Amino acid sequence: MKLRKATAASAAVLALALSATACSSGDKKDEGSSGGGKKITVGIKFDQPGLGQKTPQGYSGFDVDVAKYVAKKLGYSEDQIEWKEAKSNDRETMLQRGDVDFIAATYSITPEREEKVDFAGPYLLAHQDVLIRADDDSIKSPADLNSKKLCSVTGSTSAQNIKNKLAPKANLQNYPTYSACLGGLQNKAIDALTTDDSILAGYAAQEQFKGKFKLAGFKMTNENYGIGVKKGSDLKDKINKALEEMVADGSWEKAVKANFGPANYKYEPAPKIGEIKS
Amino acid sequence: MSSVLYDAQGPRAKRRNVLYTVVFLLAVVALGWWVFRALNDKGQLDWEKWKPFFGSEAWTTYILPGLQNTLTAAFLSVLIALPLGAVLGIARLSDHVWIRVPAGVIVEFFRAIPVLILMIFGLALFAQYTDVNSDDRPLYAVVTGLVLYNASVLAEVLRAGILALPKGQTEAAQAIGLRKTQIMTSILLPQAVTAMLPAIVSQLVVIVKDTALGGAVLTFPDLLAAVSPMSSYYGANTIASFTVVALIFVLVNFALTSFASWLERRLRTRRKSTGTVLPPAAVGGTDSTGTAA
Amino acid sequence: MFDFLEGYDLLGAFWVTVQLTLLSAIGSLVWGTVLAAMRVGPVPLMRGFGTAYVNIVRNIPLTVIILFTSLGLNQTLNVTLGAQRFDVINFRLAVLGLVAYTAAFVCEAIRSGINTVPVGQAEAARALGLSFIQVLTLVVLPQAFRSVVGPLTNVLIALTKNTTVAAAIGVAEAALLMKEMIENEAQLLLISAIFAFGFVCLTLPTGLILGWVGKKVAVKR
């Protein structure tokens, strides 16, 4: 009798565990199948204001708007899009394995990446830059960063670029995400945050940081944002056509204004499809 | 025991203790004041930064999905690790050298390696050799690491539980003519498992804590990983986000710890006869002490 | 076969792991003993502080603590622990986090050791007129330490493994190097085997040697 109670107790624990896991897998399936019919899966960033951000109200940003427009031209309505987080390190793998149909996630076209995946676009020309405190006048050229505390994201090309070429002596701190650097920048624990100016502008424009940060305007590199698709996919031409239409009918201008306007980001004019500035 | 260490306090000792209390209190208050001032200077105590946690939005968008992933990973791990640990533990007690030794090697090997190393390995393994969806890969990797490690720990807990049973149990079973398998399954295991329950529950604390590794290093969207998008959306409220997340971890684990010691007390008082209940901090406990990352 | 190792400082990474372990071990032994003394001492406020500290810290993931030292202490409160470069700062912050966390377990181990010292020892010491501090440092703790070598060894082994968490704030120890190597090189199984072997080499001898020491110094009763 005693034994039975103990077994019942452990059975209850097991049942609890089972139901907990069952719930979660059920949820996932719901996400996948709601709406019914065909679906398109798009990879975006989840934590970059102005480009791709997950908010309590849904997804927002320039990449998101471009992806929505492209999906519409491909014949998918907004609720037929399934958004997935495409972290910088995962993007090529996600495309190669077919986890996503296309990726619009601050995805710079580079020769190394083109060996693994195909790119449509570019749809935006950005530059590597640094974000500094609004009252900081000591950083006037990239070389000034040598004596400064610099923050970037683990494994990012921006960090390597600074370390190898622009300011080899900079005191570099790496975090998994850009947002982790912002608090430190505000509190003077670091002096500059480096990545593409389009991303930096998004952070600078956030309500809480208004007027606290500014872009240095160094234009250290050219970053041609493209839409990544699987190698050899016929989506590339269709997306290129959609992007051309987006520029032609003024939607591109509208999306850029809506997303970068508040950031006061001096964006470059819409690039020509296939024209990659190195 | 503690009261044995010092005498009943006379007037002088009492005065001295009051002095110590005041000095210690001043030190704690000074530290607290410094932290408060520093936080206040940086605007980390602004209502703006804390407000999101008093509405439902932050919870439903960031925290609860993260917590659910944390608990999913923890429960899946313990579900798989339990039977695996039982098999390893019994195998290690086997009479056959060719079963006992490999089981022993497996158990000792996985207890000697950091869980994070196992998780990093698991993530790359699933990416290169299986076609697990990229969304699920971090979960698989976290669970793999936790299972390999905790199965080994639970194997040792079970082995200790079986070894702690009075020898008379085995001897009596042998006397009535039970075979080895029968002795194990119908006499030893049921008693050992009951005795192990508190230790298993407290091992769950270790597992819950270790899932945070997945969030920090493997992009597993757990409770800890919720801090980054959350503080990015709410304007770098790092301190507030961390405090809330740490508090949730403490509450969940405190509930588990209390459940474990309640279970232990209950089992101990109920089973006076054989009287083998492993306290939460027995075999698994001392080991888990730190493993806990 | 081992060509891919070129360009990676494998020994250096493990040396950082060893340094993290040793420094944190010393720190947590000291802080843990102080906490244990508070928990058994006559001042109620200190007892309460010790108990609260242990119960809270034990229930927070080490990962949260380590990340907090970097994002909270360093980035928000500008604590630099006297260093300039981030690699040094992060290392010191990791040691601080490991000490804060491990001390809770050291405290509990020592407290259980105090409980193994026969009551008569403390009573005799008090009868001689020793104060609480004297009873603790001259009579009880020396005996308690000898009986907790085993549990403390387990804590030390766990600490060795826990140093990998420092990878979360970019300290260049073994786990971070392993992650980097796996991302850049193809030999997954070989790389993993090397790092697993490295940790077995660190933890197994620790257990064996200290297990022997523990038996040697144990108070026979």
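Note that the chains take the letters A, B and C in the order they are written out, and that residue 1 is the start of every chain.
Here, a contact is a pair of C-beta atoms (placed from the backbone, for glycine too) under 8 Å apart; a residue touches a chain by one contact, two chains touch by 3 or more.
The model shown is predicted, which means the values in this text are computed figures rather than measured ones.
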| item | value |
| --- | --- |
| Chain at the geometric heart of the assembly (C-alpha centres) | B |
| Higher-contact pair (C-beta pairs counted), B-C versus A-C | B-C |
| For chain A paired with chain B, centre-to-centre distance based on mean C-alpha positions, whole Å | 35 |
| Geometric centre distance via CA averages, chain C-chain B, whole Å | 17 |
| Distance between the centres, which are taken as Cα means, of chain C and chain A, whole angstrom | 38 |
| Touching two or more other chains - residue numbers and ranges from chain C | 71, 75-78 |
| Sequence positions of chain B contacting 2 or more other chains | 42, 216, 238 |
| Multi-chain contact sites of chain A, meaning residues that touch two or more partners | 180, 183, 187 |
| Of all residues in chain C, those that touch chain B in their complex | 39-47, 49, 55-56, 58-64, 67-68, 71-72, 75-78, 102, 105, 108-109, 114-115, 119, 122-123, 126, 131-132, 135-136, 140, 150-151, 154-155, 157-159, 161-165, 167-168, 174-175, 178-179, 182, 188, 192, 195-196, 199-200, 203-204 |
| Sites on chain A touched by chain C in the complex | 89, 149, 154-155, 171-175, 180-181, 183-184, 187-190 |
| Residue ranges of chain C touching chain A (in the complex, touch as defined) | 71, 74-78, 84-86, 90, 170, 183 |
| Chain B residues within the chain C interface of the complex | 1-2, 4-7, 9, 13, 17, 20-21, 24-25, 28, 35, 38-39, 42, 44, 108-109, 112-117, 120-121, 124-125, 128, 205, 208-213, 215-217, 224, 227, 238-239, 242, 245-246, 249-250, 253-254, 257, 281, 286-287, 289-293 |
| Parts of chain A lying in touch with chain B, wherever the complex brings them together | 2-3, 6-7, 9-10, 13-14, 16-18, 20-21, 23-24, 46-47, 49, 53-56, 84, 87, 90, 93-94, 97, 99, 176-180, 182-183, 186-187, 206-209 |
